[in-house]
């Protein structure tokens, strides 16, 4: 058999995690470099996947399949379609930046015993998350996916709860309590979703007798596997609930602002740019493929919820006082767009949604990381504590501006392409929804520009007067992201070509065709 | 009553010419015999070996016995007694079949690991230059009295715990294999009585220890009285106490029906009431709601090694017996007991999970968690399918090791007053000793049923079986209550890792290889069964058939 | 007269015993009540054995006596040690552990 | 030849990239690089223009396709350019005026340490604006559309340390976003209707869809135009935009960007022609705005704000004309170009004045400046004559035609109304421009030393500033006449915009005559009010209308009450809802279980006997249940 590329791509960071964790307490810096090395190695493998993957070819490629738990009908089955490749690429790409950005976030204040090695733990956990996320993008076995979907919560949980944002308004005690509250909320919320999904997973097994996505999908398509309407709907809801919590979709979103607010900026990026993508990805791959009828049945409700997320998230972002919470609510709004695009069930919508996952990942990373650098300088997350930064740290302000512009999806930057695709894709089938969603772009402009104005412009505040501009390490983190934003905004073709066939498959799963233009329809 | 009546009373039983000696298949009974024998030897040791040497001799005897017994079990299983050769031995008193051997193996291993924690002597500071374990120097002496001090000074140790444990294990080995009600009852008592005593033998907090023993004893005896009455009624219904016989009568497939039998057979109330009382007796042992109330108090008061041993082994044995009773004796009554068990399972899962949320003592917390788990296992029992049996067997195997391991960790966290079991003392443990905290976190995650731990595999197995057995609603309630349960496991993790250590916090004692083995085995099993459970699932699957 | 009456008696004794367990405070008395329940069981067993005309029930009865004896040994030991350390045999006093 | 088109955009884009990423080391040379690249772009434009003139009218349009931008199933967006006469006109205007203003800025921004960045932004603007006018599909146009928005945002807020500037910039962007919303929805509508949004297919197949659809698209495009071109109701940002440096006001907020709306409507002519209702809406917006702007312009004492009002009003003329269909398009564009010259000139003049007056903008503190800055005076004066439409100068030719066309809207009452409005506008224009002229250059000097005691010393500006003003002055004087020589301009545009001769309700000479009369009246009135008696340094309270006009006819106040306040309340209440209700449910559930747990705990009261009770009860229930099961 050929070289198990997919397994390797997930194994490298996993091994990296173990190695990093094993580094003795004193050799903190070594651990950092090791982590960076392994993340880069993963990136290389991800690129190899991208090269080896033939967009036009089989739906699932580079597949691997090994017996695992026969009693549960579970196999270790991997395979990637275009969407998977794209998201693996995103993950592998972002992690090195996350690691670089978090370089000093886990340096221990000189308390704690010799055996207490937070730095090692921090980077090991990040790599562990990467491994699980990548594998979950590759899994074509529902059970395997579920296991990762749940397991990745644990390292995330420790990352959020263990390494909080040091720039905290309240006392250390208060900070600790709020942090663990956020972490517990994150874990329980997602665990609850996951357990509901577990019931559905078991139900699926009872109905289908195995967990292989391809087999089940094939059986569904060929009609061998009949599902009673209600069964299908219940199972769909079980799955969708978990994904909607993870995504997150209104009204299941409240864990995100806490988590992103309390976590360090890099971890916040990890949450919203990487881990949450698993939720939207799973909607595309599992909900639509396994339960096409139910998906169509649920579409109206989901679209409404997505709309609410878009507008509601944006409005709340306007109302935030805390930079990171603002970004969090902005993300909720963006996830609304993604979910809307998925369930519009048009090629533009779903290609747009997939593209949106990528672009949102990059743009949020850019904005959030710069915000993190800003916060680390001033030691406060409150917007009101800043002002006139532009004058003292022009580069920082500039990058921050680009990040903001990407967030309001300015044409020429990557997010515009995806957002417009989603809007068009939705509009062609649900014009009203599309129009309402368009208000989102105005609100986006509002909250990003208000944020920029309050923090960067105006007279220079004394506290920021001595603020240093971006350091080299920080520039190394931000510059490539911005370059990527511009490149994908001008030339998204590589990604769209990767994604289009996969989207085509998904649409044929749900037996939906794009609505014809009026003019052609008339002919 | 009239003389004639009296006369008839002792003549009805037909005069007996000669009694032929019973046939005993010693080979098949080897595991039990070894353990019981070793226990008797242990008594001898207590009587004849000098104080200093006793501890070592006892430990040696116990460990050897358990290992040998386990080897015997493996031998029997290898000899096909688990599947093809499964048979009923000792004049129908004991069944040697898949479930029996699987559970006996589990009990023996857990027992072995538990005995290691019994023998741990490095945790408590030395008293007058003598290493001490977690058992009282002299059970007879009044707590805090001069007698006790003298005993400690003299370096007495309660080495009786080893034979006691052996007796208990012996009883537990028979319990799930018992093939008639009498054996069931005797086995129950044989493993209960030593446990009552073990509970009373804590070195620290002796008042609580004694209290727990009293509660356990009185309630245990109370429940066994019910069990016995149930036995009486069922016997009255079926005219026999052998499982197969009863099953035949229940199914109505019995050959020669004499008038008396025909008379009682007509009266289902006997059977139903008796059956219910039998169930009650067993549900008490597994700690199912509403027969659970002894669990928290006893778990908290008993010496922690004993708690671990009880929590793990008793559950295994009791569920084994419960399975056999429901699957061999009362399958004919399935439509009567299933709904009832549904109710019991639901309340057990929910109450265990909910009440645990507000617990402040780690041992009580684990007690309630064990109640919740009993509920999960019951869900598998209810499935009433071969899958159900094997899933329960697997769950028991997975669960028992996690439990022993977890309680072993509890013994390590100590302050001046012995073990620091109050949760507030565990704050910031992750900072002081990351390793211990991490290990405990692994156990907690396994309890919570997080994927890649044995807890998840087990939970998935039973829920799957239940769903296939048509108990979908039960599964939903199951996942909900495990969501609730997750909360307090997480709480402990938060406490250990995310809160600042208290200055006067407890220290983590460095244990001897004994406890380390116990914990190590626990972790290993937890992870192996979590990542690659297939082999053990097969084992359980093959062992999933009862002999009649 | 029909042996069924003995069953009624047994049930009655059992009920009395269990009631005693529920209402009496003194551990010894509670324990005695349990013994009473066991004996009720014995009576029932013997009666059934008489009705079915086989010996199983009577044999069990003998075993039960042995078990009861064993329980006395263990039980009294525990209760006595409790009494010595608390100077009270009331089961209600022994309530350190609760909630 | 068509391969050069990309260069138009590439040159300034390169400039922007170099200047913005170049860092401090380019501070000394940055402005030259910027100017050079702007001029280069202009040169390319001229080259293409020459080539275009070489061909016959029908085959002048050039097309260049670079690469496929967003290829998705059933959705094709390309980066492709189309350079026809319309685009060409804009290209020349943008690059030409743009280059001049680059030159001007070298002097104007001399003392600003962020000059390099300023030129970077200017180049960015040029690139975006050129992209806007040479894009061959609406989506690419949208990119340029938002690009100029961004550039305008950056340039208005260039002096970010001034909160007013930052706010103005934000406001401009947000108001534009509302318009952009219209554009993007319009594009979506086109996609669902025609399956594409490239100019060619869309504009050719307008016949194949319903008029209702076209009206919808038209109105949405109008919304976009309103945002970008500061038309009522989205005009409120333009006044504040004057916070930006004056060259910016000249280039972006007078000559080029604000006219993008006119371009959009003219470009989409085919759609509007087929949707009369949409056209009517356009005309109305134009008419309303031209009065609105004019009235505001009369009341402002800030010279730039006065000019901004005038810009609003002049663009009103263009929009009105564009709304008139084939009879108006050509004149709309023509007025756009001439306006580009004289309004840019006026702004540069104003800038020059401010430059000499320590950045004083209040005309009441000017007076009699003609002695101090003659060049500025002359150029500004010519621009003035042009804008009021003094016979013979550029403004006259273009504006007069628009008024004619307005009278020709139809031969009914509407013709009279729109014509009348246009005419009236001409009068008011004359009034407020005369006012500006007089307050600035005539009368006594009214400036005093400011609180820090240094009195402004008015002086003429350096060559780099005066030369562009002179060039533009030439444009303001002759362009109009040039265009009107045997209708050369109209003929030039005809292939793109078609052309029909307007048939006004009254005879053309009459209109011309009345126009002249009206503007003379306006000018005279202004002279009477401001020329005869000295101008008070502090503004008198003024009439109700005046006060309203000073506050932009209360538009901002309305926005503030309705949008800002309302929005604030909405967000605040939503934050509350999110915290208490949505999140409250979650925390409530947790708390609920906690409480339940606490209560159930009590059952574990430590008494063995009560445990026994529960066991006993449990058994009873068990037995009862089993019997019950059998019973049912």
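Here the chain labels run A, B, C and D in written order, and each chain numbers its own residues starting at 1.
Going forward, a residue touches a chain if its C-beta (ideal position, glycine included) is under 8 Å from a C-beta of that chain, and two chains touch if they have at least 3 such contacts.
Chain identities (UniProt): A = NADH-quinone oxidoreductase subunit M; B = NADH-quinone oxidoreductase subunit N; C = NADH-quinone oxidoreductase subunit K; D = NADH-quinone oxidoreductase subunit L.
Here the structure is a predicted model, which means the values were calculated and not measured.
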The chain pair with the larger count of contacting C-beta pairs, comparing C-D against A-B, is A-B
Quick check for the class: compute each chain's Cα centroid; which one is farthest from the centroid of subunit B? D
When the mean CA coordinate of each chain is compared with the mean CA coordinate of the whole protein, which chain is closest? A
Centroid distance [mean C-alpha coordinates] between subunit D and subunit C, Å: 97
Using Cα averages as centroids, what's the distance between subunit A and subunit B in whole Å? 46
If you average the CA atoms of subunit A and of subunit C, how many Å lie between those two points? 65
Could you give the separation in Å between the centres of subunit B and subunit C, each centre being the mean of its C-alpha atoms? 24
What are the residues of subunit A that contact at least two other chains? 188
Note: subunit D residues in touch with at least two other chains are 590, 601, 604, 606, 608, 612
Residue numbers in subunit C touching two or more further chains are 18, 21, 30, 91, 94-98
Interchain pairs in contact, sorted by label: A-B, A-D, B-C, B-D, C-D
Flag every residue of subunit A that touches subunit B in the complex, lowest number first. 67-72, 111-113, 115-117, 146-148, 150-151, 153-154, 157-158, 161-162, 172-173, 176, 179-180, 183-184, 187-188, 191-192, 195-196, 198-199, 202-203, 205-206
Listed in rising order, the residues of subunit B that touch subunit C in the complex are 1, 5, 9, 12-13, 139-140, 142-143, 181-182, 185-186, 189, 193, 196-197, 200, 206-208, 210-215, 217-218, 221-222, 225-226, 228-229, 231-233, 235-236, 239-241, 258, 260-261, 263-264, 296-297, 300-301, 364
Please name which positions on subunit B make contact with subunit D in the complex. 214-215, 218-219, 222-223, 226, 268-269, 272-273, 275-277, 279-280, 284, 289-291, 293-294, 296-297, 335-337, 339-340, 343-344, 351, 354-359, 484, 487
Using the touch definition up top, name the residues of subunit D that touch subunit B in the complex. 590, 593-594, 596-598, 600-601, 603-604, 606, 608, 610-612, 614-615, 617-619, 621-623, 625-627, 629-630
Mind pulling up the subunit C residues that touch subunit D in the complex? 18, 21-23, 25, 30, 91-92, 94-99
